[in-house]
Each structure stands twice: as structure tokens, then as C-alpha cells.
Amino acid sequence: MRGIKILERVLGTIPIMFGVAIIVFFFIRLTPGDPVDIMMGQGGSISAGELENLREEFHLNEPLHIQLWYFLRDAAQGDLGYSYVLKQPVTALIGERLPATIELALGALIFSLLVAFPIGVISAVRQNSWLDRLSMSTAFLGISMPGFWLGIILILLFSVQLHWLPVQGRIKLGTGLEQHTGYFVLDSILTGNMEALKSSLLHLVLPSVTLGAPVAAVIARVLRSSMLETLRSDYVTLARSKGVAEWWVVIKHALRNAMIPTVTVVGLQVGILLGGNMVIETVFGWPGLGRMVVKAIFDRDFPLIQGAVMIYAFTFVMANLIVDVMYTYLNPRIRLG
Amino acid sequence: MEANQNVRSPLEDQLYIWRIRLEIWWQNFRNFVKALSVHPLALAGGILVILYLLSAVFADQITVHNPIQGNLRIRHMPPAWEDGGSWEYPLGTDSQGRDLFTRIVYGSRISLSVGILSVGISVIVGILLGTLAGYFGGRFDSFVSRLADLLLAFPFLIFAIGVMAFLGPGFTNLILALTFKGWVEFFRLVRGEMLAEKTKEYVEAARVTGQGHVAIMLKEILPNIIQSVFVLGTLRMGYMIITEASLSFLGLGLPPNIPAWGSMVAAGRDSLLVAWWVSTLPGLAILFLVMAINLFGEGLRDILDPRLKLEG
Amino acid sequence: MARFNHRTIIALLLLMAFVFTACAPTAPAETAQPADEGPGASGTIVVAMGAAPVSLDPADHRSRESETVIRNMFDGLVTRDTSSGVHMQLAESMDWADEQTLNVKLREGVKFHDGTEMTADDVVFTFERIINENAIEYPEPHTSPRKGLIAPLESIEKTGDYSVTMHFRGPWPPAMQLLVHQQIVPKAYIEKVGTEGFIAKPIGTGPFKFVSAQPGLEEVVLERFADYYGGSPDLTPVGPACVNQVVFRVIPEASTRVSALLAGEADIITNVPQDLIPNLEANENVQVKTAGGTQPKWLELNVHMAPFDDVNVRKAMNYAVDKDLIIEKIFGGRAVALPGPLSPYNNFVNKSLSPYPYDPAMATDLLKQAGWEDTDGDGILDKNGQPFTFTIDTLEDWRPLAEAVADMYRAIGIDANVRFWEYSVIKDQLMAGERQGYLDDWGDSAFDPVGHFEAKWHGFVADTPYGRGNFSTYSNDRVNELIEQGETTGDPAARQAIYDEAQQIVYDEAPAVFLILPEEVEAASASISNWSPASDSRENMHDVCKAE
Amino acid sequence: MNSNTPLLEVNKINSVFPSGDKIVRAVNDVSFTLNEGEILGIVGESGCGKSTMLLSLLRLIRYPGKVESGEIRFRGDDLLQMSNSQMRAMRGKEIAMIFQDPLSTLNPAFTVGEQIRESLRLHNIVGNSNAPWPFDRVQREQEKQRVLQIMEEVGIPSPMDRYASYPHQFSGGMQQRTLIAIALACNPKLLLADEPTTALDVTIQAQIMNLMKQINQERGTAIILVTHDLGLAAEFCDRIAVMYAGRIVEQGTVDEIVETPRHPYTQGLLNCRPRIGERQQTIRPIDGNVPSLANLPNSCAFASRCSFVKDVCNEGPIPLFETEHGHLNRCLLTSDYKRLPEWDWDSIVEQERAQ
């Protein structure tokens, strides 16, 4: 029964993806700025005639609905067209850059969960202790400092001063890593290349911490406030009366129920992890999809923007779907919505 | 004397009622302050928030220098407590030689209103749609949820650039760009909580006593949900202010004659090695504001939340 | 019932992982393999760039970053040394049969990276691939964007195994300067693998051969080409490249680039922010070098919109800016004031012009003559009731300069402020003459007025390169006429006179505030030797060595 | 542990909650004893500290509250002196507890069967393989059988397919039976029931009480029933203690309390209970309400509401007087101190206060 509902939601993403694609299609074309003109750049002289035949080539002169028809017809066959600027098929470009963004997002999510859960639980159990105050103030630091500021400070401290961690990029030179999936950590494990594994993990640390800090802060605070609720509930008293050890009461009984509101918030944060990492990718020179999309937007590289936006939409909606499924799994009272 | 007491004109009745209301309100306020004083952190938070508000309102009285006029000769002057700094520019100067303290004080005007307005609008829209969707469910719920999914999936940056491109960089466009997706989070949170609360007994009890749906939503369920909305709201306040920094990092910030903390942090990032204060101090201003709001919120929650009171 | 949903959840998660990877069709590509150690070569140099190259096909790009990488893999007929000008490279000798035909004698025995020899066929193929319509077939048949750069080239013919003749539509004085930017590609190889195969694994005649490239060219790895013919004989040392491997890596954020250098992850970094230079200079294992810049900065004033329709006001705007203070404070002394419309390093700059001096008193007088005075004592100049408000539009990259200039205008009573835009958005409004003033730069990498001067100061003529970047909507018939003459007169002395007069007129009419020309600043680790930053966007790695 | 020592001996325990600057004395100087298999009823209005007293027995009072002083001897050993791990071994194994509102007491996130099985696993009732989670399949199977058996015993129909359903899918009665199943999983010697049937309607209440009666008789489990319903206590319990404002004001066998209530508060409680069968009966409620536990008078707390109040009642602490054997009450008047002239009133009061 529940499997069907999940399938329903998976199929439900298709209209959303195309919905987003169509909205973006019109939105970027109506926004002022002409891709061909930008591509020509400034230097040298260029006759307007050449601009004209470039526009011709990209079908830019046809009315919008015709252009939309071209786009939908090609997209249906899986051909998302070519990037105006990079002159490579959009699917290839995204296919190569998406794993970097997802690897960073996963790294940040893992970091934030590893940090947020202990802090959230401990500061609830030890409410108003100095530990609670300390963890909450570091949480504020995570929330209030912009990503790039935190990133630059971390680089200056851990890479330039202490030389513990690398400054930028996904992996150091000369590790001879064969890429199969595009996920460096996964690839290095698959190919058993320990040096590449070490280097890719080291390169993942600072960007994940920077991207994960605000997310950890939010999750920690929400978890803390819901833990305070569940620790006061009757079923916790029942568990204690059954002779359950205190820490097991906190972890199994209280935390399990406190997860329910927290999961929704984690779901929202995943959106930030995926969508918000363009700044982090810029600061750490991380060759992810986020940075490419930013450049594509400024270049008005329509096919690339559309392709990337559809993939982003797909990943967003998938992440939310996973959260909803986890939500029903955690909270038996709510059937899959 | 007995006779005319109950022969009161309607006006006097109104006055009488209002006097009673005032008294009750004053009574609540007094023991609210008494309760607040017991909770040190909340007090600190409250005072800090008030300080920020005062600095926003009386910015020109507090500061000496002009926040916009720069003077290249005193560029990158360190804060007073470092060597080379002077008390005339307590927090030093930025890369254009403008007094940092003045700009931060004026910046509170913009950043506070960016934070309050964008979170405020997002919360209102989020609660409105979230309550209706969560409570009634059905087609409205799936429609709005799918719309939320759509917006959540719609990259924020494209919309921000679109808005900036169409309407030009400016304050109101920034608020528009921030709230465009801001409400989705509150919508999903409120909807999630509403789904959970809806199954609870006290809602059925309220329905049994004949309360209308609206009354149930407003009086019964919302007070319980307002808690997490409050927590998320205070967190999002900081996030909104910082997003302005990320936008100016990408070149879409507010024009410099509108001093805002976000653009200051972004503009100062290149000289972090040379002049750490240009970028860090506005960042700390954001930090303390967010911390103040959250601490004050925390204290408020403990005071107002009935369940947290001990019996007796 | 409970068991069932356990399995679906786990199945779903596996599906997710698979979907993410499945939709990433990455052919197993090699990451930077350690190259085989060539004889006598040593080490790897990492060059950190601010933006990524767009393409590795010499005929299919118009970006400085692409050219930086390409000119290490491909050589052109001629090359330029920033100090000593243009020298022969793949061409042994060139002579003009007449003003419109150029005979080129090719060097013999030059090998492509795949061992085949370069002949006249390759040169003809290269140029025809640029000037013919829809000559590049991938990804869709389109004309090379570089066609406009060598527009006067009408045709090219092979006159011998190692000699070609180029026919031009008319005398084209900057021919030599612009041929530097066209590199020769292997005809046989491209016809075999097609453009798609060519850009996947480019083959050229340059000192380095291609090894690998990351997606979106974020990282391009080049390897020393052992039997390189040695390069231009006039530029010693002649011979294969000094270092074994060069990696061009993109680090967009300036402070991260500097940190990468300080942490030893990069050997050479380009466009270093001014504020960080003191730190780098203080560090003993880092060397900072500058080279003449090629991106002059102007604040163009809309000559058709009050108050800038009055030449006195425009002159006043020039006098009000203290260029030396800006150079000293914001650029740390690493910039030069613009004497006039052309950059001081241009071959045909009018040497008699000198930058507008900083003279606020003169500025106030000029403004008074134009009717602008502070009558109501609010500190802002006004004229028949209207305050003098001035919005400077610019890009975020020029924030410090724009804000400093706005400050200086405020100092003389103009209510000035700055607004940052996205180039593509503001460009149309500028061309339509809707804005007051725009602060930007215009590339002059060819050191010749052609391709630069006419785009900025010639009146806008649709479908021609004239006035393509003219945001001040300035148009002076005499100047237009002079520009057109300058393009076709061969004799350098005559061109100098033409351009001198044109510059004088533009200087006097001051359609823009001539600001500064910042120097190109690059930094490298101390272990790097005989490297120098090139201002014509070419990181020449041929002779650069790295001490281990 | 010879047979005549009582199962549970509670001696002057005090539980306090510091809140702000005041101290709330929820339980003060409560003493009582309970023998094997005996059922003691603790009756009192809500807010008189009876639930807190129960929680104090299991040392489950939440910080900042604590059991300040006194002794709780369970089969001779004092629970207050035990270490945490020893105390944990007692909870659920020797002493179990059931609560008033079953829906909020059962963990909504775990299945019913799972929550019962947890008690078994905690005290290793069924086998003792300490194999980690995935490999203890055999022991889990055995435990599951045991749980199904217990569910049968407490009257949950068709336990096989109810094992994996969630608390919110059960009716109120069924949920309470689950709680009882959890409590009985380890066959405890003492069952603390905190108003188990208050949230249920009368028919279900009777079923639950019979179930508990049956458990008491078959397993010999002693029960302390906390309730505000004196009638219920009268039918079900062997002995009853009446609590008021944190103190036990009267204690005795059911008959003594029902037929010859000594303390005015007990009499008041009995009077305001409608007796079935009598048509017009005037129910005389006790007017006024319970004094706040934060500022308790050390004299008789009921004085303000007592219709027989004398000024001596407000002078000093009222000790427990034993009128008949075992029938104690804390009221100067009913003990008719005038009738027992030979008692040196002052010395008794001094002596009592001295302890």
C-alpha cells in the first residue's frame, strides 16, 4: 500500500520538473539581457551581422512559444540542447558537475547531523547548564555568519596557518583517480585508491563544515525544543518506571518522538544544502553544479540554466519525498499524505 | 447612592469596561516583567533587542560621521583598541575610509527591517496557507503543497536576479526576493504540525463543543504551533539578513548609500587578511542581533508556555 | 504490514543513490595522471585563474581565459612579447606584396603533438575555418566568433608546401598585432576526429600538449612537448618547455587564490586583489610582479542628457576626481592615470595629452559657469531649483573605484551615489541613452586603436563595430571620419597623426571621465623562475621553470 | 527475609519541589506499611500529593524535585539508599506502575507488542542471550510468545494481529490493559496504580478493576491503588489511607474507614459520595479548596475547611492518634482527647514532634 503512494509521488515529480522548467523558460527569456551579446564579450570588433546569425542558430529570433515547442520536443527525447557558451551538451555538463554538488551536500548533511544531534539532545537533557548555553551560542554563530565569511576564515586558519587541510578543489593532483560515478570518495573506495580517498576526504572537510554549520545550528535548536517537549511526556515516565536506563530513555523513547518535527526541518535544510551551495562552491573552488548555474544565469545560457534547474527541481523534490516518507515512517499516526 | 449606580449611561459603561481592561493589561504586564526578571537570559536578550531598536531609530543622533561619505586618506584604519586606531573612529574605517561604527548603526535600520519584514511576511503567508492546508487537506492542500514543492525547487538565485534585473537593485526588491521562497518553509512547518495536532483529542473536544473551524484553528491549534514557528522564525531572521550578504557576494547587493550589514560583510571579505574588522564587525552585529532575538524568544516561551510551569 | 514498508524505504534509498549516479553519464575519464618525467624537466606548475576557459578550440571562443590556456598548446604565425613587440613564430618570414596581399613563408620541420608535420594546408585550413560561414560543425554548424577580429582577411591561398598568401579587402595596419591572436590547428587531425574529437583532445604545435580536462574546464592539465620546435627564434631560450607539467586550475574567489598560493597549492595566481598585495610582499617565499594593464577604466557620461550635455560640466567632472589619491590608496600605486581616451601603452597614444589634473576649484568654477551653484545652502549644487543628483551605474567588480569617485563628487556638492547592475541588464538601457553615467572598462589587448578606439568613441552605427561599446552616446563627425581613415592608412606616421587629432578632440570634449589603468598583478611562489605576467592575456609558460 | 516483615514499609518520607524561592512540600511525613498480597487504597482530592508520593516510591521524581528524607523499606532494604543501577533493577521487576491517561503514557512511536517486550528484555525474563540486535532472533521469538500470553491474560482479544498495531489504534480500555500487561510482564511483587480507571467509562472501569483483583489473587501481587473515588477504594482495597495536603490524615481497614470514619475530612468525603438506591439524598460537599502545597500551615491543614474546627487545631502539628488497633487519624477532636484523661496530652505531642 505505502509503496504505491511513494511511486505516486515519484511520478508526481515529473509535472513539477516540467512546471519549473517552463516557468524558468519564460522567466529567463523575459529577463533583460541577450546571451549572444554577452558571449561576444567586449574586446575587438564584431559586426552585428554575426550577432544575427548566432541568434538564428539558437532559435532566439522565433517567438517564445515556438522556442518552447523546440525545447519540449527535444527535452522529451532527453536532448536538453547545447550550452551556448561552453558548446557542450547540457546533459554531459550537468552529469559531470552534479556529483560534485551532491557529494558536498551529503558531506555537509552528515557533518550537520553529527554535530546537531548530540548538541540538540545534550542541551535539552542538561537544560540551562553551561553546556546548553555554550552549544546554543555556537549554534547562533553558525546561523548568523555568512557562508563565505566562515569559509575564508576557516581557510586562513586551517590551511594557510596550520596547513592541516587543503585550501580548495576536490582532490590533489596526481592521485590517478579513475572516475566512474563522479563521486570521488565513492570512486576511490571502488578503485581501492587509498591516497585518492584520503585526499578527497580532506578536501571535503572545510566546505562541508562551512555549508553544514548553519544547517547544524537550525537542526540543533529545533531538536532541542522538541526534546524538551518529549522529555516531559508521560511515556518517558512509563519507560523510567519500566527500569529503562536513563540514557536509553533519552535516546530510544524521547529522541525517537522528538525526531518527528525535526525531520521536517531537516527536509527544509536539504533544500538549502542543494540550492545554497553556490557561494560555498565559489569560495572553495568546488567544481559543482551550483557555481556553473550562477555563471549560466549571468551569461543567460538558457539551455544550461533549464537543464540545471530541472535537475535541481528533481533533486529537491526527491529530497522532500524522502523526508515525507521518513515522516510517515517515524509518525505512525500520519498516513502518507 | 444605591439607585443611580446601576443607571449608567452607555458611554460610562464603555469607559468602565475599558478601565477594567486597562487594569488587567497593566496587571499582566507587571507580572510579565516580574517573571522576565527571574529569567536572566531572556532579560539580556530583551535589553539587546531594545538596544538594536533604539540604534535603528536614533541612528543620526548616536553617530557623528556621515555613513556614506568616505575619505580615502583614513582607509582601513584599525579599531581604536588596536595600535593605529583612534577613538574618533571607535571601530575603525572600511576600504573607503568610512567610519565603521556609524555604518553599523545605520546598517541596523536596513538589516532589522530586512529581517523583520521578510520573516514577518513569510510567517503570515506561511501560517495562513499552512493552517488551511493542514487543517482542511484535500485538493487545496495538495495544490498548495505542490506549489510549495515547485517554489522550493525553483532556484532562489534565478528569481533574485530576475527581480533585480526587472526592478533594479533596491530594498523593496530585496524583500520581495527573500519572501518569494521564505514562506514555503513556514508553510511546510505549520502544515506538518497541523497534521500532527489535528489528530489530538483536544481538537475533537473543541469540535464537540460546537466551535467553528476558524475558532478551532485560531484559538485551539495555533497557540500550540506558534512555538516552533517562533523558533524557526527567529532562526530565519538571521538567515534573511545573511542572504543579503550572499546576494552582494554574487554582485546583486544593495547600493552602498543604503548601508546594510550583509553588503558590508561581503565587500570586506577580500581584505580579511589585511583589515579583518571591515568584514567581521558587521558580521558580529548580525550575530548578536540573532542571539538576542533567540534568547528573548527562549525566555518568552518559558514564561508564556503554561505547561512549563511547575504545579503549586 | 509493517515489514512491507521497511523494505520499500530501503529500496527507495537505493533507487535514489542509483538515480543520482545513473543520470551522470561520465565516461571513465582519467584525472591528472602523473606525466612521465621528460629529460631534464622537473615538477608541476599550478596556475590559479579567476575564471574558467570557455573552450580549447582556438577558433571557437572570445574569452581571455581561454586564450591564456590555448596559447600554451597552440602557436600562431607570429607572437608578441609585451616589451619587444611582434616576432615571427610559425612563420619564418612575412612580406607585403602590396598593401592588400601578404606572402608568408612557413618554418619547416615543425611538428604537431601527434608527430605530423605542419604544412601550408594546415594554415589555409585554420584561417578558412575562421572566415568561412558555418565552418565549425560541432555542436551545431556555426561561424567562428573570431571572424570579426580578422574581418579584412578576404581569402588565403596555398602557394607552396610551406608558403601561403593572404588577400585583404584593404590596407589593414594592425594585421600583425591581430594575427598574434590566431593559432594554427592540424587539418588532418580535425578532419579525422571532427571538432567534437578535437576539443575532447586538442592537438597543436605549442610547447605543451594536452593531458586532461575537468568538466567545464575547471582544471586543464598540460604536459611538456618533448620535440617542440623551440618557438620564436628571437625569444631566447629556444627549445622545449622548462617545466614538465602545467595545470591551469580555476579558483574564483580572490582570497582563496591567495590562500592557495600561501599554502603551496598553487604556484602562480592571476588577478590578485590590491588589498592583499602587502601581505604577499611581506611573505618571503612569495614574489609579486606587475605588468602594464590592458583594461582602462572610464566613467562615461550621457552627453545627450542634462546636466552632461554641457561640456563645461563634463570637464568639471574630470577635474573633480583625484586620480593620484585613488591610485595610491585603492590600487597601492599599481595603476597609471589615463592621459586621455587611449591607454598610455597603446602604440598610437597621443603623447602630448596629460591626465586632467585634480583641481576641485576649477571644477566648481566650471560648474558655476554652467549655472550649477548651491543657492539654497543645503550643500548640494542646484540649477533653477533642480538639485544636481548623479547615479553612477557600474558592476560589482568596480565597487571600490566607483564609491571613491562618488565620494569625490559628493565633496564638491554633487549628490552622487552608485548602483551595481548585471552587465547584460544595464547594457540595453545604456545604449538607449536612459542612464546618466556608466563606469566600466574596455579591453585593449592588441595595443592598437583598431578594435578598441572605434568601439568606444565612434558614433554608434548598427551592424558595424563602430560605437558597439559607446555608452556615452557621443558622436563627433570629425572623430568618426578620422577613425575610419586610421583603419585603412598603412603608413604608421600618417596613422599617428590621425589618431593624435582624434584623441585631442575626444580629450577636449570629454564625453567621459578618464580614470585609471590598473596594472595586471600576479604572484608566484619563490621557486618559480623567469616568469613574468603578460598583459595581453597570455600566461606564457614556455620558459618558466620551477626549482624543486 | 522472614514472612512477618511487611512487603513495604514507608517511614516519614518527604518529597519537595523547589520552585523559585518557595519550596513546595508535596509529600510530608507520610508513613504506612503494606504486606504481601495486600491492597492499600490511597484516597484524596487531586493536588494532595498522592501521585507524587507514588512516584517517590520508585524515586522517579523529576529534577529539581527530590525525596528529602525518610525510609522506604521494600522487603527490608531501603530503596532510598540503593544505587541507581540497583534501583533500576527493582523498577519493573519488583515494583511496577500503571498510569491514569493510557494514550499519552504509551509511546506513540512503538508498537504495543514492542513496548511490552521491552520490559521482558530489560530484566531478561525469557532467556539471557546477550547477543546484539540482529542475532538475538531466537530470544525475540520466545519473548514474543511470552508477550502474546500476557496479552491474553490481560484480556486483549486476538493478540496475534494486535501485537504490531500502534497505541493510537487501541480503545481506552485496550490501552489500559496494555499498560497492565507491561506492568505484569516481569511478575512484580508490588503494583502501583495511579488512578488507572479515572480516564475510562464505568463499564470498562469495572473490567479493569476485576482484572487487577484477579491478578492480586492469582499472583499475590500487592497493589497500592491511588484514587480520588472513595467508593471505588472501599470496594477494592483491604486498607485505605486518606491523604490531604501532602499528609495522611486517616488510615485503617476498609470497614473502619467506611463505618467509623474519625477524621472530619474522611467523613466529608463519604458524605459527598452519592449512594445508589437512596432517592433524595442531600450531598453535602466540602466547601473551600485544598491549601496550596507551597505554604502549608504546620498545624491541621484541614482546619480552614473543617466544620468542627477548634482553636487548638491551629496551634501546632497534629500527631497521628491510634484509636482502634491500626486505625490512625490526625485529628485532635475525633480522638476525643478529653475521653482519655490519663494521656498526658502535652508529652504525647512533644514526643510525636520530637521524632
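A, B, C and D are the chain letters, set down in written order, and residue numbers restart from 1 in every chain.
By our rule, a contact is a pair of C-beta atoms (placed from the backbone, for glycine too) under 8 Å apart; a residue touches a chain by one contact, two chains touch by 3 or more.
All values reported here derive from a predicted model rather than from experimental measurement.
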Top of the farthest list for chain D, CA-centroid basis, is C
Taking the mean of all protein C-alpha atoms as the centre, the chain whose own C-alpha mean lies closest is A
Cα centroid separation, chain C vs chain D, in Å, comes to 87
Separation of the C-alpha centres, chain B versus chain C, in whole Å, is 45
Distance in whole angstrom between the CA centres of chain B and chain D is 49
Chain A and chain D have mean C-alpha positions lying a whole-number Å distance apart equal to 55
Chain B touches at least 2 other chains through residues 161, 165, 199, 269, 272-273
Shared-interface residues of chain C (touching two or more other chains) are 1, 255, 422, 425
Note: chain D residues in touch with at least two other chains are 168
Contacts from chain A onto chain C in the complex sit at residues 1-3, 6, 31-35, 37-50, 53-54, 57, 82, 85-89, 91-99, 102, 148, 152, 155-156, 159-160, 163, 166-169, 171-183, 282-285, 287, 291-292, 295, 298, 300, 311, 315, 318, 322, 325-326, 329
In the complex, the residues of chain D that touch chain A are 55, 58, 60, 88-93, 96-97, 99, 101, 104-110, 118-119, 122-123, 166, 168, 179, 182
Chain D partner, complex, touching residues on chain A are 233-235, 237-245, 253, 256-257, 260, 330-333
The chain A residues in contact with chain B across the complex are 12, 16-17, 19-20, 23-24, 27-28, 31-33, 133, 136-137, 140-141, 143-149, 152-153, 156, 214, 217-218, 221-222, 225-226, 232, 260-261, 264-265, 267-268, 271, 275-276, 278-279, 282, 293-294, 297-298, 305, 309, 312-314, 316-317, 320, 327, 331, 333-334, 337
In the complex, the residues of chain C that touch chain B are 254-255, 258, 273, 275-276, 278-279, 325-326, 329-330, 395-397, 399-400, 403-404, 406-407, 410-411, 417-422, 425
